[in-house]
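These notes open a run of structures that come right after.
Look for subunit A in each of the two complexes below; its partner is subunit B in the first and subunit C in the second.
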Partner chain A sequence: MNVNQYGKVDQEVVQKLEEILGSQFVATDHEKMEPYSHDEIADEKYAHMPDVVVKPETAQQIADIVKLANEKKIPVTPRGAGSGLSGGAVPIYGGILLSVERMNHIIEIDTENMMVVVEPGVVTNEINEKLKDYGLFFAGYPMSLETCYVGGNVAENAGGGKAVKYGVTERYIMGLEFVTPTGEIINVGGKLIKDVTGYNLRMLMVGSEGTLGIITKVIIKLLPVPKAQVDLLALFPDVQTAISVVPKIMTEGGVIPTAIEFMDKLSVHTSCEYLNESLPYQQAGAMLLITVDGSDEQIVERDYDTIGNLCMDNGAQEVYVADNYTTSERLWSVRRNIAEAFKVVSPHQSLEDIVVPIGQIPALMPEIARISEKYGMQIPCYGHAGDGNLHATPIKNPNDSMDEWNRKLPLALEELYRATLKLGGTLSGEHGIGHKRKKYMPIVKTEAELEFMRRIKRAVDPNNIMNPGKIFDV
Partner chain B sequence: MKLIVPIKQVPETGNVKMDEEKGTMVRDGVESIVNPLDLYSIECALKLKEEHGGTVTVISMGPPKAEKAIREALSMGCDEGILLTDKAFAGSDTWATSYVISEAIKTLGDFDLIVAGVRATDGDTGQVGPEIAAMLDLPIATFVSRINSIENGIMNVTRLVEGGYEQVKFSMPALITVVNEISFPRLPTLRGKQTARTKDIPVVKKDDLAIDSDSLGLEGSPTRVVKIMRPKVIRNGVILDVNKIGIKKAVEELVNFLEEKNFV
Partner chain C sequence: MNVNQYGKVDQEVVQKLEEILGSQFVATDHEKMEPYSHDEIADEKYAHMPDVVVKPETAQQIADIVKLANEKKIPVTPRGAGSGLSGGAVPIYGGILLSVERMNHIIEIDTENMMVVVEPGVVTNEINEKLKDYGLFFAGYPMSLETCYVGGNVAENAGGGKAVKYGVTERYIMGLEFVTPTGEIINVGGKLIKDVTGYNLRMLMVGSEGTLGIITKVIIKLLPVPKAQVDLLALFPDVQTAISVVPKIMTEGGVIPTAIEFMDKLSVHTSCEYLNESLPYQQAGAMLLITVDGSDEQIVERDYDTIGNLCMDNGAQEVYVADNYTTSERLWSVRRNIAEAFKVVSPHQSLEDIVVPIGQIPALMPEIARISEKYGMQIPCYGHAGDGNLHATPIKNPNDSMDEWNRKLPLALEELYRATLKLGGTLSGEHGIGHKRKKYMPIVKTEAELEFMRRIKRAVDPNNIMNPGKIFDV
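Here is the complex of A and B:
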C-alpha cells in the first residue's frame, strides 16, 4: 500500500486516543517517541518515527484504538520490548505505535495444570524468576530473555539456544487472547492439551509478527525445572570435525542436550581476544558449547561424560567442564560476547539468522568463506548448531566506505540466502522477516505460498493497518 | 616442590539474593563453589608445579559437602585433597580455622610453599592465610602478583601494594597469598573431572590432630559477632543544571569538583 493512502494522526486523533487512555499514556513529543522508532538493529536506515505512541493497559482499550485506526486509516504497530532484530516493531509508515509495556502482569500461576497466564508486556525472564519457587519454568525463551517481552516472543515465535531439547516458543503457547486488526477481542486455545475445534488460529498468530492482531494475553505451558545442569566447551581443530560430532551426540550417545552452540574460528578468536580469555583457543578452528540438564546430578554427570567422551574420541582437542554458575558464565561469555567483540572491529554488521538442516552445516561453511572473500568482508558464523540456526554476520570492512558497504551487503546477503536455500535451508530461524528481510522472501518462498499469506492478511485486515509493510507487501 | 593450597568453599554469590529484613544472604538453593579468589592460588600452585615439578595438595576445612570444592581443585590438576571436617570445627572463626589448618599441615611433613587466596568472598577477612603463616612460623608475602624467581630456597616475588608494587625476597618454606594478576585460572577439563571423581579424599577429624578442643568451634573462637547490619549507601549526587546556571558556570563547577577530588 502506498504510504499516502494512510490517514494522518491529527489533533483530533490524538484527542480521541487520550479519551481512550488518558493523556499521560499518549505521547507525541519527539524525545519520548524516539526510543520507539527502532529495535535492536543498529543500522539507522531501518528506523522510523511514529506519529504517536500509546500505552494501553487493557484489551478493550486496544480494541478501541484499533477501531479508531480503521476509521481513520492509520497504521498501528504493536510493540513489545523492542529487542527484535528484524525491524518488526518499527512503525515504518509512522502512525500509531502501540506499546504493551503497561500490560506487564502475571495473571495466574496454575500449578495443577502446569500453566501460567500472563500479559504480553511481562519480561520473559520474570516469568521464570516468579516460577522458581514452584519448581516450574517456561522453556521456550530466547537468548534475550532478560529484556524481551513474552508478547514479542509469541509474535516472533522466538527461538533461542535451547531449541534442541525444548523446541521454540510455539511449543508452549496453549492459548491466546488477541485483538483482531478490525478491533474484536478473540480468545483461542486454552488450557487444553488436545483441541481440534476448528482452524488452529493460535498457531496462525504465533509468528505472525504483529500483522494479524495484537496479543493481549498468553497461556503458557510449563515444565519442571531441571535440577542439575552442566556446560561443556569443546575445542576442535576445524568446523567439519566439530559439526560431525553433533548428530553423534544424539544417535550414538543417546543424549539430547539442552543446547549445542557453535562458534567458528573467526568468532572464537575475536571473542576470546576481546575477553582476554586465557583458554588455549589459538589452535582451535571451531568450538562447541554443549549444555546438558536433567533431574539429578548423577544423570547429568553420566550424560556429560558420554558427550565429552564422544567429543574426545572424535577429534576434540580439549573439553572443559563447568558445573557451577561461575565457570558456566565464563564459558557462555565467549559465546555471548561475539557480537560485542565484532563491534570493536566494525560497528556496522548485519546479524543474520539463516537456518539449514544440521547435516548441511559443514557444506555451508565453504559457501560463507567464498562469499566473504568475494565481497571482501569478514563473515563470522556462530549460533545454534543443535538446530542448524546460524548467525552468520557480515561485518563491514573498516576500509570500505558506507556507500560501498550499502552496495555490497545486499549482494552478499542474496548470495548467502541462495546458498542457504540450495542446502535446504531458509532465511530466518528465529529473528523473523520484519521489514529487514522482506525483499528476500521471494528467494525462499514460491509466489503461490506468498499469495496464500497475502490473502489471509487481506481478509482479516481489509484496511491494511495492522503492522503494515512487514513480512511481505500486500 | 611440595605445594599446599588451603581453599574454602563459599556460597555462589554471582546471583545471590538478600533477605531485605534480616540483612543476610538467602542461602536456600544457593550453590557452593570454590572461593573464586582461591582459584588463583590453585592456578599459581599448578604453574609452579609445571615449572619445578612436585605435587599440589589442597586442604579445606568445612562441612562434608566441601568435598565438592576439593574435587573441583583436583579436576583442575591438583594431586591430592584433604578434607578437615568435624562437628567440633563448626562455627570456628578465622583464628580457630587457621589453628586447625596449621595443625593439619604439620602432619603432612616437609613442604616448600603454601599458596593461599587473599581472602574468601563470603567472610572477606583475609586473615586465614597470614594466621597460618604466623602459627607455622613461616615467612609470608601477601598480595603477591608475580613470582620472579625461586633459587636455592630463596623466593623472589612482586607484591601489589598501595600505589604500586614492591619486590621482596625470603627463604622457603614460606606462605604467599596471591592476587588475580598472578595468572588466570584454568578450567577443569573432562579428563580432569573424570580423574578427580575416582580420587580418595582423606577426611581428617578433630581426634586425628593434636589440638586443644577448647580452641575450636564457636566457643573456642575469640571472635564474637555482636550485630550484623547493612551499610547505608549514601550518594551525594550534585546536579549542575545547565539551563539554570549556564554552561560556563556548570563546566567551571565540574572542573572545580574534579580537582577537589583529585580526579584530574
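Here is the complex of A and C:
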C-alpha cells in the first residue's frame, strides 16, 4: 500500500481517539511527538514523525484504536521503550504511534509455577529486581535491560548476554495476549510448559516486530537464580587468536558458559577511554569476556578453570577472574558501553548484528577486515561470540564526505551480508529487520520464503495498517 | 472444502506420480496401502484409506507431487512413522499419502557447531545411537523414540521424557527445509543460535501437523551427554500425596530434574502385569519416576538426595535408586509400556494428554476421579507430571455396550477438557489435535484465535490440499 492510500489523521480521528482514551493520553503537538519519531539508531534518515501519539492502558482500548484505524485505513505503529536498533518502532508512514508506556504493571508473580505475568511496558530489569526476594529470575533479557520494555523484547525476540546457555527471549515466553491487526483480543499459550493445540501463534508473534499485532500481556517462565557466578576476562594478542578459542570452549572444554562476549581492540579502547577505565587494555589486541554460572560453587570453579586453561593454552596473554559483583560489573560495563562510546566518536555508523554458525566465526573475521580495507572505513567488531552473533559496526571515515559515506555504506553492508550468508549466516541475530535492513532481505531470503511471510501478513492484516513497511513491503 | 470437491486420483494422476518417482514407489493396491490408513490410535473409526501411497526420496520430488496435487485439487497427507496418537497422518479425505520413509539419511554430524542435519524419515533414536561416539545427544525426543521419525516429531512438536529440564522438540530445531502447500522448497533458519530475519517460520512449522507444508530436512541442535544420571522410583500411598510433591521438587527443592513421571495405581499394575515385573508395586497407590542428570556426579548425587528426602518428608512409602543402566531401564520400561499394556486390556480407550500449570496438578486429580465416577469408566492416569502433562485415559467399562461407550466417551472427554481449561490448561501437551480432537478445539480456543489460524492456513494453502481436515476445518 502506498503512503498516499492511507487515511489521514484528521480532527474526527483525534476526537475518536480521545473518546477511547481521554484527551490527556492523545498528543498531536510536535514537541510531545518528537521523542516517538525515532529509536536508538543515530542516523536521522530512519526517523519519521507520527501524526498522533496515543497511550492506551488496556487491551480493550488498543482493540478499539485498531478497529478505528482499520475503518479509516490509518497505520498503527506499536512502540515499547524505543530502544530498538532497526527502526521497528518508527512510524514511517505517520499515522498513529501507539506507546505501551502506561501498561507497566507486573500483574502476578507465581512462584509455584515459576512464572511472572507482566504488561508490555514493564522495564525488563524491573522484573528481575522484583524477583530478587524469590530466588527466581528471567534469563532471556537483552543488554539494554535497564531501559527496554518486555513488550519490545518479545516483538523483536531480543537476544542477550546470557544466550549461550539460556537462549533468547523466545524460550521464556509461555503465553501472550495480543490485539490482532483487525482488533480482536487473543490469548495464546498460558502457564504451560507444553502446548500443541494448533499453530504456535506465540512463536509467530515473538520476533514479528509488531507487524502481526500488539502485545498486551506476557507470561514469562522463570528459573532459579544460579547460586554461583564468575566472570573471566581473557586478553589475546589479536582477533583471530581470541575468536578461535570460542568454539573450543564448548567442544574441547565441554562447558556451556552463560556468556562469551568478544571485543576487538578498537572496541575495547573506545569503551575504556569513554569510561576512563584503567584495565590493562593497552596490550591486548582482542578480549573475551566469559561468564560461568551454576547451582554449585565447586562446579563453577571447575568450569572457569577449564576455560581459563583453554584460553592460556590457545594463546591468551592473561586471564583475569572476577568473582564478586563490583569487579564483575566493571568488566561488563566495558562491554555494555561500547555502542554508547562509539556514538560519541561518530554519529555516522551502522550498528550491525550479523550472525554465523559458531564454528564459522574465525572465518568471518578476515572477511570483515577485507571489507573494512576495501571501503576505507573502520569496522570495529564486538558482541555475543558464543552465539555467533557479532556487532560489526562500519564507522564513517572522517576523511569521507557525507555523500561518500552514504554511497559507500550500502555497498559495504551488502558485501558484509553476502560474506555472512556464504558462511551459513544471516542479517540479524537480535536487532531485527525493521525498515533499516528491509532492502537487504532478498540477499538472505528467497522470494518463496518472503512470499510465504507476506501471505501470512496479508491474511491477518488485510488493510496493511499494523506497523507497515517493516521487515518487507507487502 | 467438501470431500466431494477434491479431484480424483485417476489413472492419469497415478501415471504422473510414477513419472516423478518411478513406478516402484507408487502403490495403489489395497494391501500395500492399508498400513498407511491409520496411526497408533486403536479405534478404527479414525482410520481412512488413501487412494495412492507415494514414497519420494527428494524435496524436489515432493515439490513436483505437491504441484500436481494443486493442479488436480487432490489432498496430500504427509506421514512419518505413523506413530502419532491424534490421527494427524491419516488421509481422511483419501488422495495422496506421502510417506517420507525413504528419506532416512543422517546427512551431516557437525561436531564443531554441535548440530546434526537429518532427513525427516530418520528414526529418532538412530540419531542418538550415531552420536554416542561424539559425546553429544539430541535431548528433545519423545517416548516413542525407537519407532518414531524426526519429521513426525517436528510436525507434532513432540514432547518427551526429558522435557522438564530439556524442553520439547521445538527447542532443538534450528533449521528446516520444507515444501510449501503450493510446491515451493523453502529453507528457514540454519546452524544459527540466533536469527531474527523475518517471521519465525521454523516455529510456525513445528507443531503445525503437516498442514502448512512437508518437512524435508531438519537441523538439530545437540548437547553434551550428561556425565552422570540417576533414576529414583518413589512409592506413595495415593495419587494426591504423590502429585503434591511434584511442584515442590522444583520450588522447595530448587532442583530442575530431567524428568518427573507420574503413574497411578492402575497404570503401574497394568504395566507391571503386562511385563511380568516383580517391582514391589502392590503396596503403592501411585509412583513418581524421577530422573536427575548433570555434568558432575557429586551434584547429581546431591540433587537426588534432595529429591529423595523431599519425597520421604512428604509421604512417600519408599524411594528406590537406580544408578546403573540395567536398573534404570527396568524402571523406565514400566513407564514406557503403560500405553501398550492398556491396549491389551481393552482396545476401547482414549489416550489423552491434557496439560495444566504444574501447580494445578493436585487440583486436577479429584476432577479426573469425579469424571471417572460420573461416567462409570476407569480413567487411569500417568505421564509427564513434571510438565503438567498427563495421560488421563478413559477406558470402556466392560459392562457398557459399544453404543453406550460411544455415547459416553465424548461427554466424558468434553468434561475432562473443560476441567483442564478451568485450571489454566489445555487439550494436548504433545500428541496434537489431528482429527481426533478437532471438534473439541472451540472449548479451549476462541473463535478469534481459530480464525487467526485459519487465515494463515488459507493464505499459504489456497486449495486446502495439505493434510486437510486436521486441527480445524478451513
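Here is the rule we use: the second predicted complex is superposed on the first by the 456 of 474 C-alpha atoms of A that agree within 3 Å, B and C clash if a C-alpha of one lies under 4 Å from a C-alpha of the other, contacts with A are read in each partner's own complex, and residues count from 1 in each chain.
The criterion applied here is as follows: a residue touches a chain if its C-beta (ideal position, glycine included) is under 8 Å from a C-beta of that chain, and two chains touch if they have at least 3 such contacts.
On a predicted model such as this, the values are computed, not experimentally measured, just so you know.
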item: Touching partner for A:232 - first (subunit B), second (subunit C), both, neither; value: first
item: Touching partner for A:456 - first (subunit B), second (subunit C), both, neither; value: second
item: First, second, both or neither for A:329, with subunit B first and subunit C second; value: first
item: Partner chain(s) touched by A:195 [first = subunit B, second = subunit C, both, neither]; value: second
item: Touched partner set for A:111, first subunit B, second subunit C, both or neither; value: second
item: Which superposed partner A:299 touches (first subunit B, second subunit C, both, neither); value: second
item: Subunit A residues touched - subunit C or subunit B, whichever exceeds; value: C
item: Subunit B versus subunit C as contact partner of A:318, first or second or both or neither; value: first
item: Subunit A to subunit B touching residues, read off their complex; value: 232-233, 278-279, 304-305, 308-309, 311-312, 318-322, 324-327, 329-331
item: List of subunit B residues in touch with subunit A within their complex; value: 12, 14-15, 31, 33, 36, 72, 75, 183-184, 186-194
item: In the complex with subunit A, residue positions of subunit C that touch it; value: 110-115, 135, 156-157, 159, 163-164, 167-168, 170-171, 180, 184-188, 190-201, 203-204, 206-208, 212, 223-224, 247, 250-251, 254, 256, 295-296, 298-299, 302, 355-359, 384, 387-389, 424-433, 441, 444-446, 448-453, 455-456, 458-460, 471-472
